[in-house]
Amino acid sequence: MSQYEHIQKAAYEANMELPKLGLVIFTFGNVSAADHTLGVFAIKPSGVPYEDLSPEKMVIVDFDGNTVEGTLRPSSDTKTHAVLYKNWPEVGGICHTHSTYGTAWAQSQRDIPIFGTTHADYNTFDIPCAPPMSDEYIQGNYEYQTGFQIMDAFTQKGLDYKEVEMVLVGNHAPFTWGKTAAKAVHNSAVLEAVAKMAYLTEQINPQAPKLKESLKRKHFERKHGPDSYYGQA
Amino acid sequence: MSQYEHIQKAAYEANMELPKLGLVIFTFGNVSAADHTLGVFAIKPSGVPYEDLSPEKMVIVDFDGNTVEGTLRPSSDTKTHAVLYKNWPEVGGICHTHSTYGTAWAQSQRDIPIFGTTHADYNTFDIPCAPPMSDEYIQGNYEYQTGFQIMDAFTQKGLDYKEVEMVLVGNHAPFTWGKTAAKAVHNSAVLEAVAKMAYLTEQINPQAPKLKESLKRKHFERKHGPDSYYGQA
Amino acid sequence: MSQYEHIQKAAYEANMELPKLGLVIFTFGNVSAADHTLGVFAIKPSGVPYEDLSPEKMVIVDFDGNTVEGTLRPSSDTKTHAVLYKNWPEVGGICHTHSTYGTAWAQSQRDIPIFGTTHADYNTFDIPCAPPMSDEYIQGNYEYQTGFQIMDAFTQKGLDYKEVEMVLVGNHAPFTWGKTAAKAVHNSAVLEAVAKMAYLTEQINPQAPKLKESLKRKHFERKHGPDSYYGQA
Amino acid sequence: MSQYEHIQKAAYEANMELPKLGLVIFTFGNVSAADHTLGVFAIKPSGVPYEDLSPEKMVIVDFDGNTVEGTLRPSSDTKTHAVLYKNWPEVGGICHTHSTYGTAWAQSQRDIPIFGTTHADYNTFDIPCAPPMSDEYIQGNYEYQTGFQIMDAFTQKGLDYKEVEMVLVGNHAPFTWGKTAAKAVHNSAVLEAVAKMAYLTEQINPQAPKLKESLKRKHFERKHGPDSYYGQA
């Protein structure tokens, strides 16, 4: 029995949620689950349809992107996952999809404005869109650089990856993360819902104001503050 | 056997309709069922996924928002429900969702214009959007004030909660109600359908006229007037 | 056994298609099936949910709108159906829904422009939108007048009900018909698909040209002309 | 046992995917599978609902459009398929649908701009829209000419059918192809997803820039280049 069975199971189950939640067709997405003590993560093999997956097919990769265990080639986005795990120690799961509305915002190269409490229950910032990569980076180690592109966007906007667990990569698509692979997938579904609502909001009222400061703070504290009262204790 | 079993069952069944009707993902919604004689209502516990609910998990709360029976924490929106039950004696069920099109209109801070008979079969007014709360109220008892915000909007617009069983809360999302929890959920699905049609109507014809007075009156009386002839006698 | 069993069965089966095709929620729609020899039609009872329907619950009504057999009250739109059957002898089935995109065009009070062959395979005219009813008519026999409103629109636009089997009623919603109740429902699904495509076409290209004459003629003849070669002989 | 059983099975299975993928209602689509050695293809019979299909009902047609085996009339689009197979020897399957977003772009008579990597993972060109046919051609052998219209558009735009496996026919709808019928259907689903994302991208940001050259090249090579690392070796 593999010592990595726990993260293979977590990654497998999280990947299988993607088609159920309507976030992917065919092989348009991948989820990974990390064990920071072992310094590795389990990730979907590349180009394998969801119906053919099983836990033991999840490939084990270290935080430099090297395959540690598994006979299949890991997802082509593996190096992006590796960079984020290596630099963001509290991330336990990462999810990447080409979900319809999230991808449309990424292609539009715009941050998703915070228009309401659906968004504010998760975080109180516009969902950032990292700009497209420089030509120099693209010709280099592309997926590796995508990880840095995401981190650079967080640094420039002064965001904390523990507060904002989602990003758009310009011209590409969303990445989300969380303490577990399941939470990363949850965040992808939330991002897609928020992206659709923000699109419709601007269509209905092009001058729609963003959520005011006092409401942002209230909703964040309701779920995450010291006196939070959302969910079970 | 709990004396509240009847409202727990009603609240449970109504909550379980929300994902079936496509009105919620995850825990984005809550329904309650009241017994005005006993002065209490049963409401969804906070943050519990729909698939884990059961009738006995519904929390019993009085009209001041105090938990009367149940070990789980009630929905974070409980005080909004309590205020409405306390002040609107003919409301037997309340439903709150973040359904996509209803929430987009709430974020747009616009009333939903009455464009057709689909809307007029339910009520003959624009569906009101209560303005975002003042900073003073937000810093106070937020969910409690949300109830007053809704009632204030009805007073200012001269609406009767027995005629118009739905409202948008600006920057937030819809609330609906009715004589029963099942009717409240029904109204949430109608609001979502009407919200989508109104959005499309304005996209297709930005100068689309609202329903004229004579048609509003006709449709309202057809369903609700003294000579109504819709449905079975 | 009722002598009307054949039209009750046809009406029942056609009504049950509506929720499967995504054209209605709750009781937002009704289909009828006529027997012109007997001078009656079978129609859905008013306000009864689809899951509670059965063939014998279909109400039998004559072409003046009088109930001939059945204990339930017929659909509130019954008189509209009656007028059309009385005046259009080759109509064997009528379908009325509040389907999302069709209703949005009706609320917009615009004809649906013919933009492509999907539309032209059914008819080669813009789908007509009958204007909202005059106040005088509304205060009279409303549903009866809706039938005349539809026929007037066909007369004014020089359309033949045997060539164009669908109409929008301004501020209201679509009606469709055909030789059978099943064909009427089929036409409602086609109208909804065409309505959605036309909406998107105008969003993508506000100057999109309508289908040119030669293509309209070709597609019509391919399905309906003397040398038609669509479908099985 | 028919010598054509292998292509009948491939065509049947590919046709049955269309309703599952949400690409067609009723009979709005057809897929064929070719055997270039035998010089024939198997195609859906015309106007037969998907639920009534079986492998042996697939009609066998040669590359001039003549029926070789089968008692049913082949799809009305058969000659378009025949022309493409005759002229494009590496095409093993062709799919035609009236999918919603793809058809809306075709009706808009615009190429689908390449806005992101979802598109670039398949090809690195705008998805071409062939202009509507000349009146002379329409009055001739219409479906035969549709095949030439598609090939002419590829010639004029300098595209290779082995690199770009999809096209829109102006005023009509999409056609896609590939080495197999299954791949042709896969490409139809991808085209529909890309068409929806491109529509939303322009709505969210009317000035959205197209994908830059360096990213186009990178994504193409990642999947198709000599050092490709997508999928399993």
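To keep things simple, chains are lettered A, B, C and D as they appear, and every chain counts its residues starting from 1.
Note that a contact is a pair of C-beta atoms (placed from the backbone, for glycine too) under 8 Å apart; a residue touches a chain by one contact, two chains touch by 3 or more.
In UniProt terms the chains read A, B, C, D = L-ribulose-5-phosphate 4-epimerase.
It should be emphasised that the depicted structure is a prediction, and the values quoted were computed from it without experimental measurement.
Student: How many degrees of rotation bring the Cα atoms of subunit B onto the matching Cα atoms of subunit C, given to the nearest 5?
Tutor: 90
Student: Would the interface of subunit C with subunit D count as same or different, where same needs over half of all numbers used to appear in both copies?
Tutor: Different, since most residue numbers here occur in only one copy.
Student: Can you name the chain that lies farthest from subunit C, using the mean of each chain's Cα atoms as its centre?
Tutor: With centres defined by C-alpha atoms, farthest from subunit C sits A.
Student: How far is the middle of subunit A from the middle of subunit B, if each middle is the mean of its Cα atoms, in Å?
Tutor: Each chain's C-alpha centroid was found; their separation is 33 Å.
Student: Averaged over CA atoms, how far is the centre of subunit B from the centre of subunit D? Could you give it in whole Å?
Tutor: Inter-chain centre distance comes to 46 Å.
Student: Which subunit A residues sit where two or more other chains touch them?
Tutor: Touching at least two other chains: 203.
Student: Assign the assembly's chain-to-chain touch graph to one of these shapes: line, ring, star, complete, other.
Tutor: Looks like a ring, each chain touching just two neighbours.
Student: For this structure, enumerate the chain pairs that meet the touch criterion.
Tutor: Chain-chain contacts present: A-B, A-D, B-C, C-D.
Student: Under the touch definition given earlier, write down the residues of subunit D that touch subunit C in their complex.
Tutor: Spelled out, the residues of subunit D in touch with subunit C are 25-26, 28, 45-48, 72-73, 76, 98, 100-101, 103-110, 132-133, 135, 138-139, 142, 171-173, 199, 202-203.
Student: Okay, in this complex, where on subunit A does subunit B touch?
Tutor: These residues of subunit A touch subunit B: 21, 115-118, 186, 189-190, 193, 196-198, 200-201, 203-205, 208-209, 211-212, 214-215, 218, 222, 229-233.
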